Amino acid sequence: MEFPKNRSRDLVGMGRLTIDMNANEINRPMEETRTFTKYVGGSPANITIGASRLGLSTGFIGKIANDQMGNFIRGYFEENNINTENVITDDTGAVTGLAFTEIISPEDCSILLYRDNVADLKISPLEISEEYIKNTSAVMFSGTALAASPSREAVFLAAEYAHKHGTKVLFDIDFRPATWKSKEETATYYNLLAEKSHLIIGTRDEFNMMENMESEMDGSDDKTAAKWFNHSAEIVLIKHGAKGSFAYTKDGDYFTGKTFETEVLKTFGAGDAYASSFVYGLIQGWEVDRAMDFGGASAAIVISRHSCSEAMPKAEEVQEFIDESVRKGTIKS
Amino acid sequence: MEFPKNRSRDLVGMGRLTIDMNANEINRPMEETRTFTKYVGGSPANITIGASRLGLSTGFIGKIANDQMGNFIRGYFEENNINTENVITDDTGAVTGLAFTEIISPEDCSILLYRDNVADLKISPLEISEEYIKNTSAVMFSGTALAASPSREAVFLAAEYAHKHGTKVLFDIDFRPATWKSKEETATYYNLLAEKSHLIIGTRDEFNMMENMESEMDGSDDKTAAKWFNHSAEIVLIKHGAKGSFAYTKDGDYFTGKTFETEVLKTFGAGDAYASSFVYGLIQGWEVDRAMDFGGASAAIVISRHSCSEAMPKAEEVQEFIDESVRKGTIKS
Amino acid sequence: MEFPKNRSRDLVGMGRLTIDMNANEINRPMEETRTFTKYVGGSPANITIGASRLGLSTGFIGKIANDQMGNFIRGYFEENNINTENVITDDTGAVTGLAFTEIISPEDCSILLYRDNVADLKISPLEISEEYIKNTSAVMFSGTALAASPSREAVFLAAEYAHKHGTKVLFDIDFRPATWKSKEETATYYNLLAEKSHLIIGTRDEFNMMENMESEMDGSDDKTAAKWFNHSAEIVLIKHGAKGSFAYTKDGDYFTGKTFETEVLKTFGAGDAYASSFVYGLIQGWEVDRAMDFGGASAAIVISRHSCSEAMPKAEEVQEFIDESVRKGTIKS
Amino acid sequence: MEFPKNRSRDLVGMGRLTIDMNANEINRPMEETRTFTKYVGGSPANITIGASRLGLSTGFIGKIANDQMGNFIRGYFEENNINTENVITDDTGAVTGLAFTEIISPEDCSILLYRDNVADLKISPLEISEEYIKNTSAVMFSGTALAASPSREAVFLAAEYAHKHGTKVLFDIDFRPATWKSKEETATYYNLLAEKSHLIIGTRDEFNMMENMESEMDGSDDKTAAKWFNHSAEIVLIKHGAKGSFAYTKDGDYFTGKTFETEVLKTFGAGDAYASSFVYGLIQGWEVDRAMDFGGASAAIVISRHSCSEAMPKAEEVQEFIDESVRKGTIKS
């Protein structure tokens, strides 16, 4: 995958931009949790924070509430060297989306979402700067940004600008059923965006959701990848949870990623850590499998920590973790 | 344009499916009109009725209210040999869209629309039959079907099925500002459908609306046509009102249509008559300019009559009108 | 019932203000009707037109669409000497409500309503003139005005102003299920307005609807009347269709109305004609039973004619009809 | 005020039933707060918890989300001996309302509310048990329950049941502008409920809001009290912040409450503590001024503590606080 060179920013995220309220007292149902810690959250926000920590030059296209939660998000981005020129403050009384986490055990984690009237879905086409996208090497889109108008139209316009200026379109499916009306509506818009994407990342379940109206699709990774190579895709990465991840390239290559042993605190954030480190590797010009290993190691680090965003590692940490895992023999491939 | 052969139906319409209430007492403001006559209406309905009258084998994909107005539409289609297998009856209490016409003078016509909670916008992706589209040579989409969910998603799925089975996608822009929330939203969805269309028909104003977020577009027909030939388009037809219509083909050809003198009663229905006869010509395998002349003659006939749908002429009538116009010398080119 | 004297207007209507589209070809299902005639409609509009024809000084509090239908309504009111100072023109793009009538036979009549986004339900408290109500002897409210905000709040404020200035509150229940979300919501607001009403008119079915959450009510007219005399009511009039109407007064009197033979064309408009003539009688200071007879005769006239509003008779016509019926012996009591 | 005797419950709350997220790190803007503690919240919930702590037999009429937040609320009520028979669990996907507190200084406190799609506003008339209200001496309504349907209609029905069975209607205005569409809508429904209330408690600003459409009202406490004594009111209590509270009775008495010095942590909860202790006093049969003092002391205790609900004192604590204040001379009257 060839990213355009010499642009102001390597990677810009677009989509969900919210607050995680993470349970302080864990290993119990949320009913018994009394205190929570506030972090910036949302899949594309986490990926962008991760990419910035790893050393990429980053920015974000999104909308925040005009309140203390919105201010906190903007401030946290700025502390993390994420450009906020295209982060708009809402003026309609929208709120910041929330995700309360429940960690009953490392295997039994869930999220309680507040997604009514959220600011991140209020970004409109007119608020997307063509110039900003022109000066960026790659935009990472999150599927939840397609859940409602006007954010949905803003995404399609941003993808159009990206194509026009040779900016790579990266698509993290990030499917949250609660934010959608029907699986047909969901599949329609996910497919329209996937047609315009150079990199598509998702779990097998997420790709199945996108194929729910296509009788000839049967859950086969080969068919899924082949379908998207008829459009804009160059890499299709399909995640099978504990069974590992598989990447297809338009040139016909196929890669399997390694997984790393770690002490699991919770499973949240694994996908975001993986995506940020995998894209980091691609932008460095690494081979796909080396980028996949970097992604896997980064995910292993984040799931041993309390948050998603603040837990994102630096590049040296990821490399050290890989080296250490090699020494200990705690890598599976 | 090569249409697939040997299919059950030549042309299927999809989109607005409503009732026209045409003023009986005309040449006055609607305030002074006391009686109205009821006709089936809506651009794609009119085009399909026209195509059926001309001799094509036709059908419709749409949704009607569960009331007397809906029954009337289904009955009228059946009388006109339009297949209604994929015309669904709504069960949510939706109403039939209405258009009251006002004819102050032949030059000063307007429409009063009822578009709240209308049945035609309630058709959903699950109600679209893939088999039906597979057995059809061409589907004519009307842009108003993109104005709201779930009809919007149903259109994208139908277009997807059409591509999968080699069915031609014909797109009549039919832009009605009152049914849309913003010009950005409108342009986004019109563009996504136009990308998948083999034939795009619209007025210059309608194409301008679709280009409102593209700084490099400047109202030039050449640029508009070139843009769409990068996607699926084979013919782009741009209407300039009294100045005539201009057609571009992917092969680089360019055609100008003739216009015919007629006694104008009202301007409604001109575009629908044109589209049905133009498409009729293309399906006959005629050259583009001959099809355009047939369209122009058909439009001239309809604007001299009281309704849009019921006024649609037979093929012989159109040919006679052309012959007569040649004799009288009432053709402009 | 003592009405305040020496006010600018005897009676002001408030509520539904719409267009009736009456079938010209009747005695058939609406599917087979092709032409319709346009009239002003809506229960309180009809009552007000009727009262004006009878000779009362009248006005209306309501909202009309900013289009040809709205203009027509205002013009028709003015022609009929109904004051329109407090008839506001909507500026939000609302439409005029419609009622298409179907007359299959005199016994089998129905209505197809268009009630989405209608102007009459958009009147807001700030648009109610306290001065206007202060200068009026009685306000006739229609229950459909309670179906949605802000019209609902406007009605409660108008009733408050009426109480403050000694203006009589007349309440025509006019229950249209299609305009309401649930029978509990309906009963709640109908009851709150009935508590403030001096005259309540409705069918037995309508009173039953209002009592649907009260386990001790059992469809008895005596109980219904007694309940309202605990609040503001002075007269409660309960209509039992062909069985006649029954009026209770706070003083303990009880009256039965006469019914008149007539040639029935359709049943629409009977209730509105009754209400306008009954109230006319009360305002003349007549005994309740004489006013009821006048109402019954007026209803008999209207159901023999094509429209509701335009069919409303003058006082002389009603009196002649009564006299004629006496002569012919076509009165039942 | 004479409360009915020998009923299963002294006091039942109805209305807002939510979660407070109270900042742990205080005396700073919320942007800098990282951890929050979860409490049950909402004015009528706090009042009911307070009343239960003081020793009254209590219950609640309300609706909770079908999630961990809803479960927590039900569990907390049960631990606090509040009957939850009429606390319904929502099945529509509603969420629990949230209030994040910001304590910049004791004088500068604010709240960030989440009120979109909240469970407490989804309680419907059919979910109100007439039997439950019949077996209760007094119901305390909170004005926010009037902000939307169907909760609004449920409140009016509950008040109707209360009147029917001699249950006292207590009304805590609790006006939160963010939950309402317009001040006219607000005033309309607050007034309709106040007409049916035996006790009305609010700040001067809240009463002014209720009077915003009445030209003859001018912010005078005397006029406000007089207006409500024309309806059902027996006591009207008007709070003027630091200037103290003033109570009017229907018998013509007038009382001023004492205020107590305390170490203020935050101002939240003062009103709820006051209301619970004041009503506790009335139910004990105390004179109005003694109940007011008990209210004032209770408020002084709660504003020196971190939460609203969990901070509610027992009756002994309140009495001790009063005695101590008398000894120290820290009472103002």
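Every chain is named by a letter (A, B, C and D) in the order it is written, and numbering of its residues begins at 1.
Quick note on the criterion: a residue touches a chain if its C-beta (ideal position, glycine included) is under 8 Å from a C-beta of that chain, and two chains touch if they have at least 3 such contacts.
By chain, with names taken from UniProt: A, B, C, D = 5-dehydro-2-deoxygluconokinase.
Owing to the predicted nature of the structure, the values given are computational and were not obtained by experimental measurement.
Distance from subunit C peaks, on a Cα-centroid basis, for A.
Although subunit B and subunit C share one sequence, what matters here is the overlap of their interface residues, and that overlap exceeds half of the numbers used. Each chain gets a centre from the mean of its Cα atoms; for subunit A and subunit B, those two points are 42 Å apart.
Chain geometry summary: the mean Cα position of subunit A and that of subunit D are 44 Å apart.
Chain centres here are Cα means. That of subunit A falls 61 Å from that of subunit C.
Residue positions of subunit B with contacts to 2 or more other chains are absent. If touching chains are joined by edges, the resulting network of the protein chains shown is one closed cycle, each chain touching exactly two neighbours. Pairwise chain contacts present here: A-B, A-D, B-C, C-D [touch as defined]. Those residues of subunit A that touch subunit B in the complex are listed here as 124-126, 130, 149-150, 152-153, 156-157, 160, 181-182, 184-185, 187-189, 191-192, 213, 215.
For subunit B in complex with subunit C, the touching residues are 21, 24, 29-31, 33-38, 67-69, 71-72, 75, 93, 95, 98, 100, 102, 112, 114, 116-117, 178.
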